[in-house]
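In the two complexes below, subunit A is the common chain; its partner is subunit B in one and subunit C in the other.
On to the complex of A and B.
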């Protein structure tokens, strides 16, 4: 039985409300300013009327669009490749001897757990040692290295939840290992596969620090934005931030829905 | 006649733990064979060895004279009904049932026809389009059965398939399993820890305990003529009275017990006189007389009279048998009405109803 304490309830509600405002106000302000630009009218600050000019400017900004395209390509390629690797690692973990599996798992997690500056630097040194010039390929490799753990974790949890009885049932009914994987295991894991890829995509999309080390002349969106902010503020940044916000919100929502679907299955 | 399946002297260990030792089982082509044992007795391991899910450390597994050692799970002509059913939840009932044919690359039309037939057989004709999550426990059970029989196996392995069902549904499924096995005319190897279920279903029962076979035989034979204390205590209820074998006359034996000399019948050759034995008498075979009969049976004091519906169970104590509670079962027809706790009564039985057992290790607590 819950005690009735209206004062404490109200206080907790207030704290939660202030917390939420503090978290979301800057985001909402950015979105608002992308439609109503801040202008200086006779020395005082004010809002310009509603306009989509920043969005138009964004579409006309070739550099930003190129960076955006790079980011999307990197995130897409890296997250699909990471999915394949994560699946192999997860299957290895559930079938290998415990000690070997744990050793493999530690190696998979390490690049994600290390400070990004160390991971980035190590990758840079490694690429130089093997004479791999910095560019799209190095960015993609670096992203795969640090998003594999995320996908691996999601995939492994689901795989362990599945247990061995479905595999045994499938083999018992005459299916081969490959058929079992195709008809039983992968379909049962689909929610985990999709949410793992989406999560990896989101992380890859806004990764900055490691990418800084391994990107050559080809820049991703976060790096482009960071570079732009150093030289001055342009309105299209607000528009871009708002679009990314919207995009991320949709992905997060989708991951949430998929994970709930996965739990129900 | 060559048996369908022969487990020859099979042993299995997990690390240093022996889980099976000297398991020798034959399965005939169309029998309902039950492997009965308490949890941890190794019965599920036997089933998993037949199915190919576990390797063996000793012995051979022969199918129609061929060694199955090198035959993987998916090539064995057996199908399994798993304890948790292991249905594929992302497939419809019809897809689940047709899975075995699909992976064998049968044409779609043939699969559809066979699925319809088998669904009819298990009484689920109208449920093909549903998903397993939309079915009741008993229906899922039938799907698991349908999925196993569609592959036309020579043998079906059933791992405690009824343990998750409630009492009424279980009785209904028992009848269904039995009739299905008769109709299909193939062998069923059924695993259970429920002795009533084993007796009701089986042509033959193999009692396992501690990774070894205790005894095998037809249900009635095991019930009437248990050979080991474990079988005597595990199948139904038994009064076990320890003593020393005093004299043997053909199958008839006299046993000296703390409660006096008792008569029993031995099945097969008798142990040498002087050896430690047990007299096993079913509660329903004990006669109860208001006054003790001189020179026959024993006397005991009524400890409790429990009404069990159709039966009355009378529990008695004997001063010379401390710790042991003797049990007598009577039909609840009023014949036991006058009994009160503390009353001294006479117990007796025909020698033919008392089985002589070699005293082995104490029966596991039940």
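On to the complex of A and C.
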């Protein structure tokens, strides 16, 4: 629809501009404040000269670092476990009877479709019923439940794109099923596997609403931040926010590149 | 692949194990938890103990006790408002992207989608620091001489929740609308132009009707996500902004009334399912017409 309509285009452009400002201004302001702290001189707003003090304070904050470590462990374990499960589910979907495959798929997708508050409190109640205390294990299980659908989707799309001819050729040539998987299917799926894991890692690292239900005293970074922000303003948060924004931007960029590479392959 | 005749029993055993794993795991970790939360909503709470006595008291409480029903309706109104505003904004933004050249489209779309991958809690935090009484928005307006006093209502108010939710969930509405527009065959537009349609007529009679499924999906996403969110209202709404999601969450925290919390959550879930069904129904009716 590139027929000239200057008035409509100007109006749409204006709205899009306002949208971008609304999305990015808060994030950029947070990043800016982490380097140039806000100070007040006789009630007026001013900025302190460039300093890395909040970053130094961040490195000295044991609570935040412990939560960061927990988050990294949870995200790593959960995304790798999710990859294994997603592969298993995807192979099941393409090989089992259609009805069974669809039944499995519907169940697997549910936690991603339901509001997170529902997934969170159902898991909390289920953990309570089997007397599993809130802690690292419950957080990891909840994250796996939540991210498997994402990895499954990525893996399945790639698997269906591959088709069955490669597998059949490999089996005809005398390779065992395990060899076929190891030397034919998995190498073909590498971009999908890597981008699936990265996406899962990013989602797990950021997960807040479900984790709030299932976390105990040892908790992840978003939950620790949530608790700190409720108490009040901590300058380290700006530094941490900036680092996390940078980190997610890099991961997102990597996923984008990988998915493009996967499409081209 | 295999014929059904005379399979040796180790094969059968392996097939059984495959089914057990692939159907059993989701059943155990997804379906059973959901069923158990629905079950808990029918149990009785007495002196802090959950008793396995079936009751509808938790559902009755929603209609009769305290302000549950009122907060529920207020939250629906809030979510609908955010949905309406974001639907309008997202449609305009999706149209804007759609009208660029293909090369630029991807870049603009990505810049609207990137915030989706940014930390949820940090986005709320940044929005809060902008909205605060001593926040950047107030300070900037005062510095520019637009206002004399900081606007206190910007933080810890319904307006604050509204703004924060709208900003947080805007990308979720843009994506489905843009994808729907992207599927419109180029020759439809060429045909409309050839037949003498003005850009305004093309927008109204071709583009927007074909983009409607995307708009419905965007509206449903926005409604479900804003209705179920309980952290944003708490972070920017303070004690003023009590939403239904917060009430549900508090039953599992401080209030510690799991049966009531579960019953309220069932109502929350039913509401979101209703929203999905309603959108589907509207689209189908449109199709028939």
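FYI, the second predicted complex is superposed on the first by the 247 of 265 C-alpha atoms of A that agree within 3 Å, B and C clash if a C-alpha of one lies under 4 Å from a C-alpha of the other, contacts with A are read in each partner's own complex, and residues count from 1 in each chain.
We take it that a residue touches a chain if its C-beta (ideal position, glycine included) is under 8 Å from a C-beta of that chain, and two chains touch if they have at least 3 such contacts.
Just so you know, these numbers come straight off a predicted model, no measurement behind them.
Novice: Report for A:226: first if it touches subunit B alone, second if subunit C alone, otherwise both or neither.
Specialist: second
Novice: Now for A:89: first (subunit B), second (subunit C), both, or neither, which partner does it touch?
Specialist: A:89 sits against subunit C, while subunit B stays out of touch.
Novice: Of the two partner chains, subunit B (first) and subunit C (second), which one does A:5 touch, if any: first, second, both, or neither?
Specialist: So A:5 only meets subunit C here.
Novice: Between subunit B (first) and subunit C (second), which does A:110 come into contact with in this model arrangement: first, second, both, or neither?
Specialist: In the superposition, A:110 contacts subunit C only.
Novice: Contacts for A:118 in the overlay, against subunit B (first) and subunit C (second): which applies, first, second, both or neither?
Specialist: second
Novice: Under the stated touch criterion, which partner chain does A:175 make contact with: subunit B (first), subunit C (second), both, or neither?
Specialist: In the superposition, A:175 contacts subunit B only.
Novice: Go through the superposed model and pick first if A:183 touches only subunit B, second if only subunit C, both, or neither.
Specialist: A:183 contacts subunit B only, not subunit C.
Novice: Of the two partners subunit B and subunit C, indicate the one touching more residues belonging to subunit A.
Specialist: If we count touched residues of subunit A for both partners, the winner is C.
Novice: Give every residue of subunit A touching subunit B within the complex, in rising order.
Specialist: So the residues of subunit A in touch with subunit B come to 165-166, 168-176, 179, 183-184, 187-188, 190, 265.
Novice: Which stretch or stretches of subunit A touch subunit C in the complex?
Specialist: 1-5, 8-9, 11-13, 15-16, 19-20, 22-27, 29-30, 33, 45, 85, 88-89, 92, 95-96, 100, 103-104, 107-108, 110-111, 114-118, 121-126, 129, 141, 144-145, 202, 206, 208-209, 212-213, 222, 225-226, 229-230, 237, 241, 244-245, 248-249, 251-252, 256
Novice: Going by the contact rule set out above, which residues of subunit B touch subunit A in the complex?
Specialist: Spelled out, the residues of subunit B in touch with subunit A are 51, 53, 72-75, 78-80, 82, 84, 86-90, 99-100, 102-104, 147-148, 151.
Novice: Would you mind writing out the residues of subunit C in touch with subunit A in their complex?
Specialist: Residues in contact with subunit A: 1, 18-19, 21-23, 25-27, 29-34, 36-37, 40, 89, 92-93, 95-99, 101, 108, 110-112, 114-115, 117-123, 125-130, 136, 139, 143, 166-167, 170-171, 189, 193, 198-200, 202-203, 207, 224-225, 227-231, 234-235, 245, 248-249, 252, 258, 261-262, 265, 268-269, 272.
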